[in-house]
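Just below sit the structures, each encoded as structure tokens.
In what follows, chain A forms one complex with chain B and a second complex with chain C.
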Partner chain A sequence: MELFLQRLVDGLSEGSVYALIALGIVIIYRGTGHLNFAQGEMALFSTFVVYQFGEWGIPIGIAVIMGMAVGFTLGAVTEVAIVRPISKKSPFAVFIVTIGLFQLLNWVDGAIWGGQQLPNTGVGSKQVRFPSLFPNNPTDFVTIFGANIKIQSLGVIALVGVLTVALFAIFNHTRLGLAMRAVAANGESAKLVGIRTGRVLMASWGLAAAIGALGGVVFAGISTNVNLGLMFTVFIYASAAATLGGFDSPGGAVVGGLSIGLIQNMAAGYAPKWVGQEMKVGVAFLVILGVLLFRPSGLFGTSRVERV
Partner chain B sequence: MKPLFTIKAGGPTSWAVRVVCAAALVYVLLWIPTSGSNSLIDTATTALTLMGAALSLNLLLGFTGQISLGHSAFFGIGAYTTAVCVTRWGWSPLKTLPIAFAVAFVVGALVSLPALRIKGVYLALVTLTLGVVFPQFIKWPKIEWLTGGSRGLTDTGFKFDKNNRTFELFGWNPWGNLRGENVKPFYFWIAVVIVLIIYLICRGLVKSRVGRSLVAIRDNSTAAAVMGVNLALTKGLVFGLSAAMCALPGSLTAMKGTVTPDTALLTVIGSITFLIVMVVGGAGTLWGPIIGAIVYQFITEKTGDWVEPDKIPSLLRPFFSWSKTPPAAGIFGLSLVVLMFVAPLGLAGFWKQVVGRVVAVVPKPAGSTTLEPTAPSDGIPTWQPEEPLAEQ
Partner chain C sequence: MTSQTTLLNTRFLTAGYGPVTVLHGIDIEVNEGEIVVVLGANGAGKTTLMRAISGTIPRTGNIEFEGRSIKKDSTDAIVRAGIVQVPQGRGTFPELSVADNLLAGAYVRRDGAKAVADDIAKWYSVFPRLQERSTQRAGSLSGGEQQMLAIARALMSRPKLLLCDEPSMGLAPLITRELFNVIGQLNKEEGLSVLLVEQNANLAMHIASRVYLLETGVIVASGSAAELSADDSIRKAYLGF
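Then we have the complex of A and B:
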């Protein structure tokens, strides 16, 4: 029971991060139909920016909000300057461009902060470890049914819950959200009724990158090893989450993210010999493959009809 | 603008150009292992390795339009097939090449089964995951007895000793000394042969009926099916073949001695490297990956020590001196973005454009044996709408 509860909470807190990155993927996909392979690296860049703010002595709460603003700018500029002009050429060009951004952003992180693990006291970090949004000392846990649950994990889950509610409020009750839904449903018609689709898409990319920034900071806080490869697997899990939930369903992304977090943690925990730490990512592979083969629209997505 | 010169395809001028190019190529290939320094031979071998992988990716992605970010896994399958056969069963490394080819072909064909249903970026996603899973799979405790887990395998290559023959020709041996004193040229020649095989397979396919059907699948798969192309079979075979060819340079890396699952080219970084090499050189062109690999390796080597500001040429110093890591990765990331704007067919396509301004090649009249220009595909161009087929 204790182990189960612990795995449940760990799975949910990791799943929350996947849900955040998956939300970013889904928001971009809904707006433009592109799969942004650089989503994880955009998040990583903002995460390192937050780390830098921490180095300058800015408290973590404010640093995260500033980091999200940086992320928003990065996403919006990327959309306007790069993705929008290139998407007129071909989907393949967009794919190559997102891979190029992936590579470029990863290099920029390394070029500015060094290829080493962060925080690195060797290169003069003031911070002993990556700034965490929640109390993260060995003593910071609560005991529920005999299981020691980290306050950090609970905090992450709560934070993601609040953010999801806020996002759905934006989607369903604001003009921006309405415009985003209109563009997602039919871009041409949205333009005809006077929605500035360009701005909406810019905002979508910005929003996606800002959410990703939060996801990155939270994940950096719960993982012990913050380096340039941090987001590779997170992106895989998040894509698995988006696939499972359906690429055009934000709700699906959240459900998918939490499920992926739970599935991989439970599988690794209960089948240490078969899955273990090594093959956790194999679970994500099977999920992506299975969903795409048998139900390409995911659990909550709308299936697309293709016209020849 | 009218080109300055016109050349008839198959005419004497065209043949003269070909002969000169071929002679230059042979000269370079002989010069590197005989007169080049050890590090140059190493660099050339790495470039050839990338060339082979990018050529095989190009057949799948550039010509057939099937996106794969999982070629590092096929590369790794080649490496591990060789490593396992050599260390566990004591095979001679060269004999493992066909085995690696066959194993990767089967795996590739299996992967292509879902690829028949999954298209475009979704396929990219599935194959990307495959690329991420592969090194983890190698580390999996259940198969550690075979693969050596995360420590990898050692002594996976040739055993050089004093009894080896040296194959000297009148005191001249461009293949190095196989008695273990100078073995680098030997690897170089294996790489050359592998790349040659892969290039010839690609060329043979692309310039034949099969090649047309591949391009047709890329540009409009529905139209291709209507024209009588067997989509499932063609896609499956090309996927398998591409994977199998990619395994050969993988084998070569194992032949050099050690294999670990964290070798960069065996992880998803490898997939991205192959993609970069292919796109920078020119996707969908036969010579693209070859040019791309040379450029990629050249820039990576040249900028390798740019972490120290005084190693950077003074003109470029202000742009790169702030970087804490070598700038090659950033240069290529940026060039992918820029190339998609200015030259979607990469350096090879750009070169063709430039040359096309100066020299016009008049194709033979239809009905002759050489390739006539392919008609542009109708319908919705899903891929590179500007130019239907780059290679002629």
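Then we have the complex of A and C:
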């Protein structure tokens, strides 16, 4: 029971990070039909920025909001300056360009902050470790049914829960949400009801990158540091999460992310001989493969059926 | 001519796609309270004409609406000015519910949720099938219901001029007849002005105040429905009897 709870919470908190990045992927995919390969690296840039804010003595609670604002700006500018002009010429080229952006952003991070793990006293960091949004000292845990659960893990899960509810409310009960859904469903008709589709797409990219920034900060908090490779595997899991949940379903992205975190940790925990830490990724992908065989559009994705 | 006030007029309206010019200088007029029908065969430029007026494609020449040039306006500004287009075929938001489609139609309005809800109720009473299916996804509706939804959604913005792009396309004759009856009623009872492009001449002529004939991007004839039906060559080409 203790071990089960432990693995449950570990799995969910790890999965929460995948869920956040997957949400970003889904929001952009729904709005524009583009797969943003740079989603993880956009998040990483914002995470480095949050580290920098920390170095300047800004408390993490404020720094993360500023970091999300930086992320929003980065996403919005990317859409207006790069994605929009190129997608007019060739939608496929956008995918290639986001791969280029992936490399460019990683290079920029390296040029500014170097290749080492940060914070790092060797390069004069004032912070000892990457600030966590939740209490994260060795003594910060609660005991539930004999299991010692980190407060940080519970905090991360709660954060994703709140964010999911907030996003659901935005999508379904606000003007912006209605506009985003309309643009996703039919871009030309959205224009014809008077929606400024350009602004909506810009906001979608901004929102996706801001959520990604939060994901990056949460993950750096769990890892206690930020480095150039931090988001690489996370992005792969998050893409898998989006695929599992259905590429056009934000709720699916969250469920997909949490599921992948859970499957990995359960498999590694209960079948250490067969799976272990190294092979746990493989198990998650086997499950996804199984799901997609029976539901090609993912767990919650809409298969585009239309009556004619 | 008439003493009616001109709502929309285009002067030498030219538009196309990239290097291809489809409309070669179109002059048309819609007066307040009229249903103007533009008849044309496939490829005549009907949809292009709708898009050029809505501003979804680049255009040259001049377009005046209520005496003001809207040539440089973006599509959303044109919708705000009071021209709204019902797109061809299934122009609904298939993944959104019927109710959300109507809400989206009211996107440009600023007169509050109450007024919008009242209008939704009003169009539900005009199109009872939509009310029955209000929580269903628009994509699951039949072709006729989707066309009704597209019209109701357009009306949600309270337009002064409704542009209809081939409303009969893909619909059974009976449904088409019902649809044109509704458009005719809206025109009589609400004073709604309509610019409608069609290749299904028979039904459209019945409700038309005036008719233009569009051939390969040029207006070749115009007049009242009666005048055009009286012309032998036109009758043969467009009405098939």
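The rule we apply is simple: the second predicted complex is superposed on the first by the 291 of 308 C-alpha atoms of A that agree within 3 Å, B and C clash if a C-alpha of one lies under 4 Å from a C-alpha of the other, contacts with A are read in each partner's own complex, and residues count from 1 in each chain.
Criterion: contacts are C-beta pairs under 8 Å (C-beta built on N, C-alpha and C of every residue); 3 or more make two chains touch, one makes a residue touch a chain.
What you see is a predicted model; the values in this text were computed from it and never measured.
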Task: chain B versus chain C as contact partner of A:M279, first or second or both or neither - done: first
- [ ] Name the contact category of A:R181: first (chain B only), second (chain C only), both, or neither.
- [x] second
Task: If touched residues of chain A are counted for chain B and for chain C, the larger one - done: B
TODO: Based on the superposed arrangement, let me know which partner A:L35 touches: chain B (first), chain C (second), both, or neither?
DONE: first
TODO: Could you look at A:R129 and tell me whether it touches chain B, chain C, both or neither (first, second, both, neither)?
DONE: neither
Open item on the list: By the touch definition at the top of the document, which applies to A:R295: first (chain B), second (chain C), both, or neither?
Closed with: neither
Open item on the list: Touch test for A:W107: chain B only (first), chain C only (second), both, or neither?
Closed with: first
- [ ] Report for A:R84: first if it touches chain B alone, second if chain C alone, otherwise both or neither.
- [x] neither
TODO: Kindly list the residues of chain A that each of chain B and chain C touches, one partner per complex.
DONE: 308
TODO: Show which residues of chain C lie in contact with chain A when the two form their complex.
DONE: 54, 56, 74-76, 79-80, 84-85, 87, 90-96, 100, 103-105, 107-108, 139-143, 153-154, 157, 170
TODO: Could you please specify the touching residues of chain A with respect to chain B in the complex?
DONE: 34-35, 37, 82, 85-86, 89-93, 95-97, 99-108, 110-115, 232-233, 236, 239-240, 243, 273-274, 276, 278-282, 284-285, 288-289, 292-293, 296, 308
Task: Sites on chain B touched by chain A in the complex - done: 65, 67, 69, 114, 117-118, 120-122, 124-126, 128-130, 132-133, 136-137, 139-142, 222, 268, 272, 275-276, 279, 322-325, 327, 329-330, 332-337, 339-341, 344, 381-385
Open item on the list: Residue numbers of chain A touching chain C in their complex, please.
Closed with: 175, 178-179, 181-182, 184-186, 188-196, 248, 302, 304-308
